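Next up: some structures, all given as structure tokens.
The two complexes that follow have subunit A in common; it is paired with subunit B in the first and with subunit C in the second.
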Partner chain A sequence: MQGYIYPNEFELQWSLLIVLYPYLTGLVAGAFILASLERVFNVKEVQPTYRLSLLTALAFLLVAPLPLLAHLGHPERSYEIFLTPNTNSAMAMFGFVYAWYLAVVLLLEVWFDYRKDMVLWARESRGVRRWIYYVLTLGATDISEKSLRFDDSAGRWITVIGIPSAFLLHGYVGFIFGSIKANPWWSSVLMPVVFLFSAMVSGIALVLVLYMLTTMFRWRKIDMACLDKLAQFLFYALVVDFSLEALDFIHRLYESEESIEILRQLIESRLFISLIVLQVVMGTVIPLIALALVSPGLKKGGFLRTPPELRQIIYLVAAVFIQIGIFSIRWNVVIGGQLFSKSLRGLTVYKVELLGIEGLAMTIGLLLLPFVILWVLVKLLPPWSDGPEPDTPPASG
Partner chain B sequence: MPQQVPRLAAVFAVAVIGLFVARSLLVPDTFGDLGHYRAAAIDTIVAHPKEYAGHQECTMCHRPIAEQRAASNHRGVRCEVCHGPAAAHVANPLEIKPAVPRERDLCVLCHAYSPSRPTGFPQIDSVTHNPRMPCAGCHEPHAPEPPVTPRECSACHGQIANQLAVSHHAELNCGTCHEAPKEHRDNPRAVRPTKPAERSFCGTCHAADARSSERIPRIDLRSHGQPYVCWQCHYPHYPEAR
Partner chain C sequence: MPESPDTIERDAERTDSDSVDRREFLRDLLGACSAAAPVLWWGTVSVPAAAAQGATAGYDPTEHRYGMGIDVRKCIGCARCVVACKTENDVPEEPHFFNTWIERYVIRRDHEVDVDSPNGGIDGFPPIAEPATVRRTFFVPKLCNHCDNPPCVQVCPVGATFITKDGVVLVDEGYCIGCRYCVQACPYGARYIHPEKHVAGKCTFCYHRLVDGLVPACVEVCPTGARIFGEVEERATPLARFMQFNDVQVLKGHLNTKPKAYYANLDGEVR
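Up next, the complex of A and B:
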């Protein structure tokens, strides 16, 4: 502790789990927006990641409310936000934003996209698996050309609705923070927009990593056109995200409200590592430079001509750095906003507990859970259409 | 109509109807009558048995103590804050007695050191401040008086004063051990205050035959640490002995 703080500011109320929540929803929104690139904007190169993006968004969306439930306690009461909706509270409307996105957008889009396959798998499978697929089709087993055209058209429209919905989902999370007018670190109309673009960055980076790893572990050749395109969009999203963050920062500096001094102290002391080192340098500047130099999407062949193998490693490292940077953004917003006193005269400290319902172990568990769900989803609804997996790795050369 | 439409419509209809059925079954009747809560909750709360009597009731029988407290630093701390709810005691004064707290964990609710408390508020570190001793053994809770460091000392020696305040020697004033000539305030470096020069000075409380409280640690002055003066080994503003 340093300087003067009010008694109720000594202990932070929003813990590591509340850092995790916007991080997870950001990945959901980002992964979905990536999927919509192929579906709505017809970017054919990223087609290999379309279904993977949808399943990734679904897996992370299923876990997204769990940090909130663990943080608030009494998960058995959570259904009450549906029964007695409080329209005056943005937080209380989360259930509806979430339910809309899950049921009307993601599940429907996955369903329309997989319906034909599920019908075929139900016909080919035996035993329980056959019934699972049959139940998942809801009995709609018509796969005539007309019916499939309807699936395609419906899926496209849902994606069109889904893009503003994804904006709503993550913009909503930014809105929660941006609308807290008593906190100068949060209160900014740019907050929902910044959240949105950082969500796109994190979602694209995550799908890029997942696409590379799943392709490698299936002993398949990575589609470099797809990877280059992903890297190109990742670069664009990162540029916009960084510009918005810089705009927000410069705006605060120029405005120089009375909070500027304590925010300066906050950045120079408590948030130096997580903001300057991790978020700006590691999570933004290094990936920006790396992607700008090697991405062939920006200049034919890239500013530095690199063999595909090296480019893959650079993309992978850049995407992992970006994930660390985006997690740091969430940390800097959520924890940073509680580290300084509303008196603007003091700073407190936050120590992460290891065990316990809001501890590090719980956070790691909730961070790994989407990957377990994704693994189950991938087993149930394989997102790739390149035939059965070979038993052995292909011979090199 | 494509086969998918009625199937999906049925699923969504089940979900929406389920929501409305759940609402009709689970939302209490009086919810929303007065605000975003169950209005009947007020009646439920009113029906709770009364447990607190209020300090006016205490004053009627315990006037001397109430007056002592009303004039003390604890004038804002009402009787039932420490003694617990006393409605039952008021109803049956002879058979039901309120709690007389002796545990240290009650006082530290307000007096444990916390960086967010005002610095002038009396605070202690309960781990080092006379461990296991009940607070009321030294401090009269109805008229507590915090140990006072002379303002003229703490103005310059604030760090020592703060450390002393949380030590076993908290109740000793600076003047107990030091004689500070008036000139020391005008010319602090040229005119120094005294320090105890004899071992027997600390022995007043700590010698084996000293006539002081039994809780104070004792030593044999003839054999312990000769030929040093006590403060050459023990820091008297924060003595380590328990």
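Up next, the complex of A and C:
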């Protein structure tokens, strides 16, 4: 502690779990927006990642509310958010935004996209699997030309609705912080927009990593056109994200309000590693330069001509760096916003617990859980379009 | 003893009327339930508020609008108010939970400002370092400002924190989910999460005393009369006189929270 903080500010209110929440929803929104590139905007190169993106979004969305729930003082009363929401509260909208996104957007889109395959798998499988697929089809087993056309068109329309919904989901999370006028580090109209673009960056980067790893472990050849396109979009999203962050920063410096001195101390002493080193240098500048140099999408062949194998490694490292950078952004917003006193006269500290319900172990567990769910989803609904795997039913989508 | 015809008749009557009563009762109950279900559903938020406001018979919250005046020049930093508040309201004894606390400001000749509030002022304040460099020093009592435009009430996702008809911001402990959003939204650091109840805690203006016609405990015990409690709008109350004869200010007025804690002789350095 340094300087003066109000006595009630000694305890930090939102812990590591609340850092995790915007990180997870950001991945959901980003992965979905990537899926919509193929479906709505006809970017055909990224087709191999379409279904993987959808399943990734679903797996992460299922886990997203868990850190919130674990953090509540009275989780057994959480249903009150649905039953008697305070309509003036941004947080009260959580239940509705979440339910809309899960039920109307993701589940429906996955269902329409997989229906034909599920019908075929139900016919070809035996035993329990047969029944699982049959139940998943909800009894809609008509795979005539006409009904498949309907599936396709329904899926397209759901994606069209899904894009603003994905914006809503993550923009809303940004609004939760951006609308707190008591906190000068949070209170910014740019916050929802910054959250959105950082969501796109993190979602694309995650699917890129997942696509590369899953393809390698299935002993398939990586589709370089797809990977180059992903890297190209990743670069664009990163440029916009960084520009917005920089605008926010310069705006604060230029306005130089009452809070500027304490925010300067905050950045220099408490957030130096997580903001300057991890978020800006490692998570943004290095990946930007790397992608700009090697991406053939920006200049034919790339500014530096690289063999595909080297480019793959550069993309992979850049995407991992970006993930670390995005997690740092969430940390800097959530924890950074609580490290200075609202008296603007002092700084406090946050010590991460190792165990305990809001500790590091729990956070790592919740961070790994979506990958376990994704593994199950992938086993059940193989997203690959490049041929069957030896021990799973043939995929025809 | 054999029953007389009279007794049998009465019994028969009673049984008959009983069964009718039961039928009617069940029918009425069913009707009442179906009629009340939506009311109950919508009314869940407002029920605790109504309960709080009608706690004492004869007390009409619509006749009052409370606020507190604080004369900074009169505060001697004894923190009896802090102790009284903790006792009266079962605020945890530990040092980081306060409904009210005392801050000491030391403003140096070079414009440096030192603020402290060790244990809210309960344990007294240490001697001022380098007294020769002090330009002025004073104590400031702090508490929930019971804002008319309270950000904490706005953000509460379930409506567990609310503003009463008499202008007091309260928390329904049986309803709060402990999400801590209100603590984040309060610009004054006036809220905390109760370590045992896991719900938001804050100053209530000693609402249980108000409905009995008493003033808050902190006002009651202040030896110098630095805290003045009363009606914001009525003319003939101590608070009205305080506001008539002093230039009053509120904390962080630029945030438009419309506080009802009014400070006289407040230094510009106080935040």
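Here is the rule we use: the second predicted complex is superposed on the first by the 384 of 397 C-alpha atoms of A that agree within 3 Å, B and C clash if a C-alpha of one lies under 4 Å from a C-alpha of the other, contacts with A are read in each partner's own complex, and residues count from 1 in each chain.
Note that a residue touches a chain if its C-beta (ideal position, glycine included) is under 8 Å from a C-beta of that chain, and two chains touch if they have at least 3 such contacts.
Just so it is clear, the structure is predicted and the values come from calculations on it, not from any experiment.
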item	value
Fit-or-clash call for subunit B and subunit C when the two complexes are aligned on subunit A	clash
Which superposed partner A:Ile313 touches (first subunit B, second subunit C, both, neither)	neither
Which of subunit B and subunit C A:Ile289 touches, first, second, both or neither	neither
Which superposed partner A:Ala361 touches (first subunit B, second subunit C, both, neither)	neither
Which superposed partner A:Ile81 touches (first subunit B, second subunit C, both, neither)	second
Which superposed partner A:Ile273 touches (first subunit B, second subunit C, both, neither)	neither
Subunit B versus subunit C as contact partner of A:Ala140, first or second or both or neither	first
First (subunit B), second (subunit C), both or neither touched by A:Met91	second
Touched partner set for A:Phe10, first subunit B, second subunit C, both or neither	both
When the two complexes are fitted on chain A, the stretch of subunit C hitting subunit B, from 7-15, 25-33 or 79-87	79-87
Subunit B and subunit C footprints on subunit A, overlapping residues	5-10, 83-84, 86, 88
Sites on subunit A touched by subunit B in the complex	1, 5-10, 79, 82-84, 86, 88, 103, 108, 111-112, 115, 138-142, 146-147, 150-151, 154
Residues of subunit B touching subunit A in the complex	2-4, 7-8, 10-12, 15, 19, 22-23, 26-27, 31-32, 36, 114-117
Residue ranges of subunit A touching subunit C (in the complex, touch as defined)	4-11, 13-14, 68, 71-75, 77-78, 80-81, 83-86, 88-92, 94, 176, 180-183, 338, 341-345
Sites on subunit C touched by subunit A in the complex	41-42, 44-45, 95-98, 101, 103, 113-117, 119-120, 142, 151, 153-159, 175-181, 183-193, 198-199, 255, 271
